[in-house]
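See the structures that follow.
Below, chain A partners chain B and then partners chain C, in two separate complexes.
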Partner chain A sequence: MRDGHIERLIQLLARLPGLGPRSARRAALHLVKRRDTLLEPLARALNAVADAVRPCSTCGNLDAVDPCGVCVDGRRDPSRICVVEEVADLWALERAGVFRGRYQVLGGTLSALDGIGPEDLNIASLIARARKPEVREIILALNATVDGQTTTHYIHDCLAACDVDVSQLAHGVPVGGELDYLDDGTIGAALKSRRRM
Partner chain B sequence: MRDGHIERLIQLLARLPGLGPRSARRAALHLVKRRDTLLEPLARALNAVADAVRPCSTCGNLDAVDPCGVCVDGRRDPSRICVVEEVADLWALERAGVFRGRYQVLGGTLSALDGIGPEDLNIASLIARARKPEVREIILALNATVDGQTTTHYIHDCLAACDVDVSQLAHGVPVGGELDYLDDGTIGAALKSRRRM
Partner chain C sequence: MEWTDEGIVLSARKHGESSAIAQLLTGHRGRHAGLVRGGAGRRIRGVLQPGNQVSASWRARLAEHLGILTVEPMRARAANFLSDSDRLAGLSAACAVAEVVLPERQPHRGTYEGMMTLLDEIERSESWPLVYVRWEAGLLAELGFGLDLGSCARTGAETGLAYVSPRSGRAVGAAAAGEYRDRLLPLPAFLVADGRGAGRALPATLGDLRDAAADGLALTGHFLARHVLGDRGGALPPARARLVERFSRRNTIPSDISVR
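So, the complex of A and B:
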């Protein structure tokens, strides 16, 4: 006995990550109860994003301008490019505030299972950027998953012909982490990469 | 370094129940990646709901027509009114498909803590409906919480002067429930309301 408009809204909300059918129903009612303060602002925000936000043609970041704010920021070091899988990873690095160079968003990882090959990722444009004389270092910051590490090694091979340093993020004990809760692979990597004090 | 449009979308998504800041970021990226299949349809669905859906002036249900589909459905029994806290509870009863009468949505429960009194709920209109000659039974289907039961007893008192039967949902062991996992209050209620076989 639910109205068709609400039914359609619930179906679309249920397709968001983190929301199932039940929480989509709760969210829809939450929205209808807050028509002026949440429902209509959310509709406007979605339209604004649909109209304005595009991937940066240089690095793949999302922004309302192209090239994106990171690519045109003169205070950032153009000699270092940090390669990430997704825009969410770029955001995570920016939140940490530890990197002041440029980015390259691959748009995923190589995956034989899902049929994703090098031509589906922004690898060719990365190699083109790596050939530019101002670029000195490519930092591979892909996830420490099987697919992420496969892609890391593939890109490392691709960049062999370019005159750049290639590095990847360190593996080890997370800050605040307890050995008892860590997997064997992480403990092994942390031991192998131990630093003299 | 996030674009303002996306930042605004994330802030609004994070206000939905079930989504925190991290899942709102994931949802926003999920939407941007699916511009044609999810982002724009969701914006249209929100606008359609904002334009069309209103509370029913009779029972408080949400629908694009007023009175709502339940209130005008001639196949439903007009002699029974089921009183629920929220539209979500009405939906739950409709999903169960066990009730073919009309509804009254209170819009919440009495709550001294939150300063919600009888005048904030659709109680006056319930009493007016209960006085109509065709109405024979009021079924109080409020949640089995402290506030829900307080409200149940308050409405029961209000309806004393009306010539209607007043009932409430049974308390007991949920179907499929195991005694070992139930609280003492539920076991006590189930024992007290035991049925001769």
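So, the complex of A and C:
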């Protein structure tokens, strides 16, 4: 018979991505057994995140300060804004370390199925940022899905009146990819996006 | 219960952590949904993009169950449209309209074949917007609300047709419209020429084509909303509204570009 507190912990852990009831039970037991080294530090970390972390009012990134660290970093190029769907995509670009501009997190993509329209995304604030004189390029880094590209084209249309260059990520063969293993769509997109050497 | 059929992916919504509920327009079973295990995962997510053609197998204990779908890619059409905003809007609108309008699990072979033709045309032809409008007119006919564009509802004349009655769906001649002109829907000439082999009314320029498509979309949209969705309290999907909006922007397209 489990204590009500532990049962509650298991229920909450089971809601996390990647965890089901069985793995949540294992995780809860693991935490309880390591009270000093894991449970209490984790509880403090969760509390701190719950208290401090908020969406950045400029770009939508998550940080303990507003504007976020990326927006206030003076070493970053303010003339380029990379538009991503979710914070996880921003983190992926930061992990790669290839982009030194600023970001705009949309918070999703246009989706008729999920009832997400333009007003539900951070598009208005992107347009406001694009109108600033220091901004020269908007890079649309949305997923290569029908919803992602529909959103890309919609934003491109919205930015038509702004004096900025609009670009988007290339679609095609991933690094390390072998043609034999790629799906038809990817090969087609790669061929369409071929460039002169 | 088990079947295997070809289908076109209309939509896929994530279900749980790794699965998806996919809606297919199948060749012999109409619009059909099913749970695709791993459908939200990296391997299958690309296959479940709207417009892709798949070979689908469905299995369930009882016919009324949602059932498990397994899909194999046959033709990845979606990727061909991603870079073209108009064509992508056409693909999204066709899939969204088929999903909203067609009843589930009722065979509509004509609509399926029409959609295959439409997707082919979107992929290769500049005049695909006209094919799209014809496909929606065919959809109306398949659902029992076909437009009667053969002759004027008032005079019986077969020429000079320029309007459609928003109530009856019958054509009205330009001369016979009279004082009701403002209350009637414009009838694009390419719809009148359809089926007669004349082909005389095809728009000559891309600007004309977009105008004709906008009129055609207004016409079919009116009857889809009134007859098909009106009784169900539904509305035309936002993806179609975006397509209409694209073709309504007449000033952005140079009018002298020829249609290929």
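Quick note on the criterion: the second predicted complex is superposed on the first by the 197 of 197 C-alpha atoms of A that agree within 3 Å, B and C clash if a C-alpha of one lies under 4 Å from a C-alpha of the other, contacts with A are read in each partner's own complex, and residues count from 1 in each chain.
The working rule: a contact is a pair of C-beta atoms (placed from the backbone, for glycine too) under 8 Å apart; a residue touches a chain by one contact, two chains touch by 3 or more.
Keep in mind that this is a model prediction, so the values were computed, not measured.
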Touched partner set for A:Lys192, first chain B, second chain C, both or neither: second
Broader residue contact with chain A after superposition on the shared chain, chain B or chain C: B
Contacts of A:Leu46 with chain B and chain C, given as first, second, both or neither: first
Contacts of A:Gln149 with chain B and chain C, given as first, second, both or neither: second
Which superposed partner A:Pro17 touches (first chain B, second chain C, both, neither): both
Partner chain(s) touched by A:Asp3 [first = chain B, second = chain C, both, neither]: first
Chain B versus chain C as contact partner of A:Gly69, first or second or both or neither: first
Which of chain B and chain C A:Leu113 touches, first, second, both or neither: second
First, second, both or neither for A:Leu31, with chain B first and chain C second: first
Residues on chain A lying within both footprints (that of chain B and that of chain C): 17-18
Chain A contact footprint on chain B (complex, rising order): 1-6, 8-9, 12-13, 15-19, 23, 25-32, 35, 38-43, 45-50, 52-53, 61-64, 69-70, 86-88, 90-91, 94
Interfacial residue positions of chain C with respect to chain A in the complex: 11, 13, 17, 45-47, 49-52, 73, 75-83, 85, 88-89, 91-92, 96, 237-239, 242
Footprint of chain C on chain A - complex, ascending: 17-18, 110, 112-114, 117, 144-146, 149-150, 153-154, 156-157, 171, 183-186, 188-189, 192-193
